[in-house]
Each structure stands twice: as structure tokens, then as C-alpha cells.
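Taking it in order: structure first as C-alpha cells, then the write-up.
Labels run A, B and C following the written order; every chain starts at residue 1.
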């Protein structure tokens, strides 16, 4: 009897968590799959015309989705290597100096705690070309003789460029932090041993440092991939809410637009798109894990 | 084995050392240059938004080439930011949203983490595994149904609608459970022998001991709430319920006649300041928490 | 390769920012390590022995003073050009490389005319692996090896470039007691076979005494004494060295020399005369510290030294007598006598004669050794 009571009490402690997770995570998970197979689900009537792969086929043939897919992949392919590499360089530099290191570390972490939307607006102002002025960045480029270009409403490559720059700016603090602490946790005896052996700095880096921190690097690559595939707010910050019009939509943006907003009201399409995104992310994460398992040896 | 390996003359040795010293000095200087460049890249947007927020709209618009300084600083933009758009309202909404969400979440995760860490019940391992597997589920996947659910419950444009879906976090339950488990179980047994109730033990022993982790989690959640954009955007379309992120987007697209950049920058400064202040106060806690949790906002 | 330290001093800035004086890790060291010997650097933790090792390796540069390898001044030569091999306390084996790759790693640093082919590297690595008897394990990774095996890999990696000097930092302290005995013999064997001048650091006096050709005793950054282990044990230069060497430790009394006799408290225990400190005669009466090794007590029915018996511990081969005396600097002393020797006890008093060779006198103020002659 007492035992029963104890059991029941434990569940009482868990009740809030279970209720909220059940309603807002587990049920939606099942529901979204159902939605995605229901053709033409209607919000008002709560009914659909039938079931099938129609939603998937629609989404995959939607030029907006194709555009979003392309944008997302470009963001992933460009920003993940660039930001990881840059973070590695900065962390290495940071680890090899002593004075001012804390100050630099604090400054570098700042973007992590700022509102993406707010700072995105600043980036937009810096990159935008208006009737009044070419903008800060164009002014700088002008010094090097580069013709001015509107990065916000201009050609696709320019928009992509500023999008990638901003994304890298936003994700770097996290990566620098993780890599700096990974580097700090490498036993200094390894470096002493290497020094006594007369190891060249490049060899120390590629043969000792990099393998030793490789678990963290892989962790960052994996989370970086996942994060980049979910890119959305950064784009909204730069190009506004109507990303389709700007040609800068992402897959997550497509999902939300299907759900709500100017082109919204289609939860079935949104669900199908979200599941496609999830499958892509899942596949790539699995590949990543397999690669990392093969290259991280200890 | 022989020992004829070291061949060098005395003068060569001293040459080597001064040369090495010079090379080291150059290397260090280059490192600092590189670090400074990135620091400028990080700080420049902040500098620019503060700078611009003190320029008058007229002065700003007449700058064909943007100026790096402000000749006649004005606080007019800040007044404008609070009067022309309901910035104070966005601010207050965000404050309420952040505090309530964080507080509720702390209660929920503390209870759950305690149950997983110390209480015994059938199915504990299975349930915990289920919880962990939920960590892999991206928010994007469940947000669709949640949107439908909240709409169905008629909670759009309301605080409950904003708050409810984000008051559990599997990740934080996991983090806290690990912390709780590090508290020696002997303490729990001793308390049981003394006849202390579970709840009293949780309140009097566990929570005080785990306080550093609890504070870290709370701060991280506050940051997350303050910057949340997607869910509030879906669930609110009336300005009375906008949070700062949505507010800033609204301002960008409709406020200040779209061209009053200095006023926009003033609004941006206002909504950025609280978190930066929080960060500067809790710098070590936040950085340690983020690197320990390995979480990405 | 002979190693000479000439007035070497190393200061570190104080980590406690409130204290502006530097920490002196090594203070005015001068000694010479002869070629081809195994040398134990011995001292309590924090005495600067690891810093001394780092100075010899070149990982640290001295604040002042010079270091010579043979006749070459290497003070300003960076570590990589000194031709030293270094073994770390925790071995510092690269966890992601196999044993063979670990051993080959230093060879991969050679460039230009010294550059080796893959086969040459492998042959050399296998040769050292054989020397330290791990040639069966070369394809494993460090974490798959026992502590003793990892130790050997670390030694092999340090030896593969045939260094002129091999340096080991606390090489045995991470091993369990049984392995430690075995490994220290192994270390001595490897040193003998290679003939490389080897310096190792330890805080364990037994370890240092058992395998070293020479030991160097340090304390608080100061050189104390250098010599063959037995010589240092038999003729300690000062009270610290006497106390640091030997288990159980030496028993220390406060005593006085007057009228040609050594008094412990009120009783004279030994006739002594011709006291001298550093060659200079010392006048009487003289207050001294008296150190008597545990094995310096000979049970005697009419012995000069009367002690209050506390207890007798019979430990097989030996018997250890725990007793107290008013002049002791510690609450009790410990004397070791052969278990078949009778211990004469009456009314809780035990009596001993003292072996003069096991008794040492030290100045009460400077703690320096005082030589004496007995009858």
C-alpha cells in the first residue's frame, strides 16, 4: 500500500512535464504526419478530401519550395565550413595569447546574447543601398574600387553573401566558446612533448591538436548543419517577412509561410514540407555521425 | 645507441635565440591584429546602432557618405521610439512573457528532474529514454500542430497561448537531473531516516545545493525567451501582444514611416540593452552554462 | 653527455597578484652530472625538481646562470635543438595514434638531410620498442595498454631519436606498488643498455636510492647534496638530507656536546671530540641536533641510552621498538633491531648502545653537519 502511494507520488512530480510534453510535443509529432498525408485539409471545416502523397508532390513541385531548398542548401554548404574554420582560427589565436584574452572572449560572445532580429536590422542598414546613400559597406568597398551594389534588394549573389555573413556572425560565438574550451582542455604535456621533439607548428596542429579536439569539431559540424538547415530568423531580419518575394526564403520559412502569413492557411503543405526538412536533416546527421565515428578514434 | 646528435656552435645558439625571440614577437603581434579585426567585426554593428540612434533623422539622411561620429547628438529618437510605436508595450509584453515562462518552466523541470533523479517508480528508465528521444525532435515539426491547437483553444493573441508550449524543456530536465544526481544520495537517505518529506527535502536540500545550475538554466531560458521570434509571430497578430522581436519586425516594415533609420536604431538599442547588461553581469555563468550544456540558441 | 648547471636560478612571477616578489623555483644551482649515469633528482613536492628538469630540457629558460651539455653552452638553445628525450609523469601519449605511430612521431619531425623514409622510421621505432619490450603491442592504442606498458611506450618515444640526454618526470608515480618495483629495474636496465645520461625526478627516496648512480637532493629550490646514494645516506650534509633519506626516518634528538661527551638530556651517551664544521673546528659546549638511524640502536643490558618503552612491533625479519625520550624532537622514536636479538626491558625502560657510524650531529642553528671523532 505504502509502495503504491510512493509510486503514485513520483508520477505526480512528473505530471506537469508529461502533460505539457504530451500536448505540445508527442501529439503534434503524430499529428503532423497525419496532416502531411491528408489532401487539402481545411481549417474551417476540419476535413480533408482524402489521403495520399499529394501534399508531398505539391510541395516538391512548388517553385517557392525549390527556391527555399536551394537557398537552404547554399546557406548550409557555405556557412558551416566557413564558420567552423573561422571559429577554429579565432580559438587557436585566442588560446595562444594571454593578455586581453578574457576581454576578447567576452566581446566575441556578445552576438550570442543579442536579439537576432534587432541586430539583423543593423546589418540591413549597413549593407543597404538607399536613395540617400550607398551605405556603410559599399562605402568601404568603394575604397578598394569595388562598384557599389545593393546587398538587400539587389542581385541574388549579393543577398546570399550578406545572408551568409550575417549567419556566420551569429553562429560564431557558440563555436568559438566550445572550441576555446576544447583547446584549453588539451593536456599541455602533449605540446611540451612535441616541442622537445622539435615538431613544426603545422604538424603539431594537424597531428596533435586537431585530432585531440576532433570530437568537439565534429559536434560543432553536426549541430552547425542542423542549425543551418533551420535558418529562418536571420533571413527575416535582413530581408523582411516576405521572404518569397525577396527570393530568399528558407525551408523553415516555407513551412511557416504555408501555415500563416500572406500565403498561409495550408497546414497540410506545411506538414509535408516540415517532414521533408526533417528527413533531410536526419539523413545528413546520420551521415555526419558515421563519418565522425570513422575519424574519431578514442 | 650513440649520442652524437647535438651539433651546434655557441654563436649559432645565441643567434638562434634572438632570431627566435623576434619571430615570436612578430607572431604575437599578428595574432593580436587578427583578434582585433574580429573584435571590430563583432563590435561594429553595435557601435553603428548606438551611433545612428543619436543622429537626427535629417542629419542621417543628408549623409551621403555615412559619418563615423555624431556632431549633434540627439535623444529625440529614443522619445520617438517610445511614442511613435508602442515600444514600451512590446517591452512589457516580453518582460511578462519571459518571467512567467521561465518561472513556470523552472517549476516543471525541477519537479520532473527530482522524480528522475531520486524517486523510485516503475517504468522510470523507459520514461526517461522516451524523454531523451524527444530531444531530437525539431521544433519546426511540432509547431504546426501547436499552432492549430492554440488556435482551436482560442488562445491566439493571449499570454497563455504564447507561454504554454514553451514551459517544458527536455534538455533542461536532463541537465538538472544530472546535477541532482551529483548530490550524494546519502543526504536523501539521511533525510528519509529523519522523516523529512520528499517535497521538503527537494525544497530545503536539493534546490539550495543545485542553485548554481538552476541560475544558469534560468538565465539561458531568459535569453531564449527574450529573443524568441517564430512562435510569437505565428500566434500573435495584434500589436498589443507583440514581443520585442515581432515589434522590431513590425517597426521595420510599418513603423516610423519606414525611413526613419535613427529611430529604428534607437528601438534596437533599447531592446538589446537588457540582455547585454544581463550578460555582462552573469558573463561567467552564461559562458560556462552554454559550453557545459553545449546548446545552441 | 655531461650536463653542467652553473649558478642556475629560475624565478616565476608570483601567481598571487598581491605579492609582488617572485617565486624562486630554483636558486643558484651548481652541479655537474657525469656522462652516462642514471641520476635521481630527489626532493619533497614543490622543491623545484621538475623545474630543474624543464631547465635541462629547454622547456624553461633560466633567469640567470648557464647550462652546458658537454662543453657547449645550451642555455639559449630551444628545447627542440638540445637533443633531449622527455618522459612525462602522465606519459602524454597521443591517444589517437597507435603505439608505433607514437614512437615514430618524433622521427617524423626530421627534415632535410636527416629525413627518414617510412621504412627507416618503422625499423628504428621497432628497435626501441624491442628494447623496452613492447614490440608485441605496437598496433594498439595507448588506452588499451596498462600503466606500465604506457610508461614503456613513453620511454620508447623519448629514446627513438637517440637523445643525448633522457629526462623522466616522476616516471613511476602513476604505477601501482608492484609495477613500480618492476619498472624501476627495467628503467635501470634500459639506461645501462643505452648508456644515455638519464635524469629522473622523484619524491620517493627509496626509488631514487635503489636505482640511481647518483642522487641530487633538493629542498625549496636549493641544492642540498649530491653523491652516490649510499654516501649521501651515510654522510648527510645537513639535517634535512638526513631526515629525507631512509625509512623509517632518522630519529632526531636535541643534544649538547660538552667535556668530550654527547649528552641527550642529562645522560651522556657517547664520547665525542674534535668537532668540526666544514673543516673548521667547533668549540664546546655546543648545542646540536642528534640524528640516530633506526638501525643504529644496539640492545644492551647496560646501554648508555635509556628509553621509555612504548611498544614492540615484531615484523618477521626485524623488530621495531617504539620508545620515547625527553630529548626527542618527536613524541616517539623507532629503533629497528634484528628479531633474534634480545631487547632488555625492566620497569618499562629499554637500554641501547649507539653505533657511532649511524649517529650524526648537526648544528642547532644552521642544521649543517658536524663531523666528530669517537673513541
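As a convention for this text, contacts are C-beta pairs under 8 Å (C-beta built on N, C-alpha and C of every residue); 3 or more make two chains touch, one makes a residue touch a chain.
Here the structure is a predicted model, which is why all the values come from computation and not from measurement.
When every chain is reduced to the mean of its CA atoms, the largest separation from chain C belongs to A. Overall, the chain located most centrally, as judged by its C-alpha mean against the mean of all protein C-alpha atoms, is B. If you average the Cα atoms of chain A and of chain C, the two centres end up 58 Å apart. Chain A and chain B have Cα centroids lying 15 Å from one another. We define each chain's centre as the mean of its Cα atoms; on that basis chain B and chain C are separated by 55 Å. Contacts with at least two other chains are made by no residue of chain A. Counting partner chains per residue, chain B shows two or more touched chains at no residue at all.
Residue positions of chain C touching 2 or more other chains, listed in rising order: 78, 81-82, 161.
Residues 57-59, 78-82, 84-86, 88, 90, 92, 94-97, 105-106, 108-109, 141, 143, 157, 161 of chain C touch chain A in their complex. If you check the complex, the residues on chain A that touch chain C are 187, 189-190, 192-193, 195-200, 203, 207-208, 211-212, 214, 297-298. Looking at the complex, you find that chain A touches chain B at residues 6-7, 9-11, 13-14, 16-17, 20-21, 23-29, 31-32, 35, 43, 89-90, 93-94, 96-97, 100, 104-119, 121-126, 130, 132-136, 139, 169, 171, 174, 177-178, 181, 219, 223, 226-227, 230, 232-233, 236-237, 240-241, 252, 255-256, 259-260, 267, 270-271, 274-275, 277-278, 281.
Per the touch definition, chain B reaches chain A in the complex via residues 28, 31-32, 34-35, 38-39, 41-43, 45-46, 48-49, 52, 61-66, 107-109, 111-112, 114-116, 119-122, 124, 127, 131, 134, 137-138, 140-149, 151, 164-165, 167-168, 170, 173, 198, 223, 226-227, 229-230, 233-234, 244-245, 248-249, 252-253, 259, 261, 264-265, 268, 271-272, 275-276, 278-280, 283, 286-287, 290-291, 294, 296-297.
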